[in-house]
């Protein structure tokens, strides 16, 4: 691979954001943040990006509730979610493993996922670690479900899943992931072995497309610059 | 009478506010506003007074909803309401006379009365015009009721009614007004003639107490000064 | 998000469609008087007007000029200059549909709209004729009440106006609008599908650049278009920037009591001449 | 309204009773770290902690020091410094009762408290295990849904904390507190029965005197007492005033993984010495 894994992931996420008007990115999310900035660059600044936790550069002036209110208003087109566990129906678990509430492992909590997953049209699932402990047949705790019954008000949900090894799309009718491409250095068999849930795939699974020279220049130039303020350690590591 | 009617009314309202921590006064209410300021003076500034419509001197920074939120929080101890019609059960009508909605006379509307009357513990009813067209047996439209059935959440309501001719107290158990005092220049019979609703009274109805010299000095001094900013025309007329 | 457009007032009001739900804020806080005059010049029709939470001169003017089909309000008045004559006449004649509200209900319903909630409860109101005449409001028994206790609670449907028309002190070149303490401007803009703003001036300073000014700023994400309108609230006041033009409001209050005089008023003060000339004409 | 009192931090926290409902705001917005250290020194017990909407260093510290009986939170973490070790351990052991929430639910429930509503609806959440484990939340069928349509809606009970403990950049001599864009400080203070504030500095300027500063100010009507605490959020950051002390948070994250090391941490960084010395001790 001619680029770093982080650069590949940034370039793979960005095309999913191209049609957005407004992308929000949660705290501690340098790769999604960079992907959103890349999409913004490619849109000639038509796309608005708000990075939570960036006290200097965001549009929020009404307090912590504003991002959730905006989602309720339909003004957020894309958001990123991850999970300690993610299953084949796109359920995500940010709470812990084992039996709730005295879970064996306790993570931080569900944060805004139990709301934003329902209300943001394009939720990009992103988890760099691609292993059977993350991608499980069934999550131990549903912080937010991938699917809801038709009577539940839901205008948003998962569009795709991007990991350190592969990219999947999600079909909300079938309620299943489909393997879209495998990152350079991995095989389809690697993906099957690392994924604890069952998924669909075409006969021929292509390799994930590496960023072209122009995209790579954007990532290493303006995107790196924009992301450095909020994520200096990440920027130093990836764009040194 | 050694003082003006306005001064008498200010001095009669103020004692009802003495135990308050926080008094709000609606727009276009110079006499209630002055009474609140008098109560504040007499409390050595322990009482906080907020005059709506005074853009320079009030505590509200969260927009127009803040006063209603504060009432819901239980942070407003007294407020003033009036009405185009007020009846003997302390129902008030700020909407119009005749059959709703195409009333014969249309007033402005109910403003915050349909909420504040329920939530502010001490509502002072104030209407200078004391006539049978104002004080009616039954209001044509209940902007806000004087009484509510026990299952309705209600922590506030009418405490008294002060007019240009007399002062009444209100008994929420009986649901009736009692004549407390008659202003200098009027007789009990005048009050009976000018009041369209039935009310109680003691055998001996005292004359309303005129302000003592100290009170009058406060009204004409600091109170006049505080009220002049918001109500210059009123201040010029009364305290010239 | 589309970029905030910068237009003239007359261009701005072409973005208010006939028959839409239009929200405007109370006098002295954010009254869009000049934009309303431009709307009348434009000949807008069939507006469903929401006053936040009360209306004054601009509402009475819009109603008098036959632009309004219905009004939801907690009260329309000219304050110390008396009742709102065209509003009163239109309600009495049945020419407009009136939906009487109460101030906190308007705010709460807009806040529900702002939060994307389907409805919001409100204390008070029960047993009033305000509640009885609003068949779009519901009453449920509080599901959180202690066992066996009946606790009826009013529920209001969320309001999301099609258009919010706001007048503010200033905006910056990026489309951010200073709202200061008048946070209802932000509430209405958040809840509305389209927000159009007139401002006294457009400043060079980026209002979002410092925390001090950002704290009182509505970001351009909520602002569709801005037009400069110096004295745009006139004859109504604007916060602590300027007070009411009492002489003109008195003149208006008198004119609006009479059909012919109101027509003359429209010709003299609405259909023609820019604001500055109108102020001079009164003084 | 009683006047705002000016106290020392250790005096301030005597106003937090044992066993009360205590609300604190998320790291980097308004984390009351020094007040929390004073609470631990005071030996407070049985707190029912609400994190608005998430918790970090102060929450983990309070839990680790055995001050907390239950916590309602949308998440407790040390962000880039990893999970919150004392929180995780206390939940796993069952030492504290956990009520998992989601950020907008905390905000909405506090806004219901602020408005005096008995409850407030919220979209989303249905079908999650978050909802399934909250028997204090209810689901009703939306009474405004179109005829025949089922539209279940989550209802949250309003939250009114006994005490809100806030750290802000500055207050003035009159007790008005600058909140800037962090309006959740105002929301929490409005909803709480008692609001205690630590500030970086107390300024001479009256924050309510100009519209510009008033727009970002919580008025003293909501503020019971104020104490100055320079670097009061440390080692957490405070808005755009100062960032996190990464070295110290790393040190804390390591210490908090081990019972003995955590005890040592409490002795060294909580039970003694003023903040300035602690910052030096890390650097």
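First chain written, first letter: the chains are A, B, C and D, and each begins at residue 1.
Here is the rule we use: contacts are C-beta pairs under 8 Å (C-beta built on N, C-alpha and C of every residue); 3 or more make two chains touch, one makes a residue touch a chain.
It should be emphasised that the depicted structure is a prediction, and the values quoted were computed from it without experimental measurement.
Student: Common contacts of chain B and chain C?
Tutor: For chain B paired with chain C, the chains in contact with each are D, in label order.
Student: Which pair wins on C-beta contacts, A-D or B-D?
Tutor: A-D
Student: Just grab the chain with the largest centre-to-centre distance to chain C, centres being mean Cα coordinates.
Tutor: So the farthest one, by centre of C-alpha atoms, is A.
Student: Chain A to chain B: how many Å between their CA centres?
Tutor: Distance between chain centres, rounded to whole Å: 59 Å.
Student: Measure off the straight-line distance from the CA centroid of chain A to the CA centroid of chain D, and report it in whole Å.
Tutor: Chain A and chain D have C-alpha centres separated by 28 Å.
Student: Averaging over Cα atoms per chain, report the distance between chain A and chain C in Å.
Tutor: 41
Student: Mark out which residues of chain B touch at least two other chains, giving numbers and ranges.
Tutor: Where chain B meets two or more other chains at a single residue, that happens at 55, 60-62, 65, 68, 72, 119, 153.
Student: What are the residues of chain D that contact at least two other chains?
Tutor: 108, 111, 115-118, 122-123, 151, 153, 181, 186, 211, 214-216, 239-240
Student: What topology does the chain contact graph adopt: line, ring, star, complete, or other?
Tutor: other
Student: Judged by the touch rule stated earlier, which pairs of chains are there in contact?
Tutor: Applying the touch criterion to every chain pair yields A-C, A-D, B-C, B-D, C-D.
Student: Please name which positions on chain C make contact with chain A in the complex.
Tutor: 1-2, 113-118, 160, 186, 190-191, 208, 211, 214-222
Student: Under the stated contact criterion, what part of chain A meets chain C in this complex?
Tutor: That would be residues 21-22, 48, 55, 59-62, 65, 68-75, 119, 153 of chain A.
Student: Using the touch definition up top, name the residues of chain C that touch chain D in the complex.
Tutor: 108, 111, 115-123, 138, 140, 142-145, 151, 153, 155, 157, 179-181, 211-216, 239-240
Student: Considering only the defined contacts, which chain A positions touch chain D in the complex?
Tutor: Within the complex, chain A contacts chain D at residues 27-28, 53, 55-56, 60-65, 68, 72, 94-96, 100-119, 141-145, 148-149, 151-154, 233.
Student: Where on chain C does chain B make contact in their complex?
Tutor: 25-26, 28-29, 52-54, 73-77, 79-80, 83-84, 87-88, 91-94, 98, 100-105, 107-108, 111, 122-131, 133, 150-153, 181-187, 239-240
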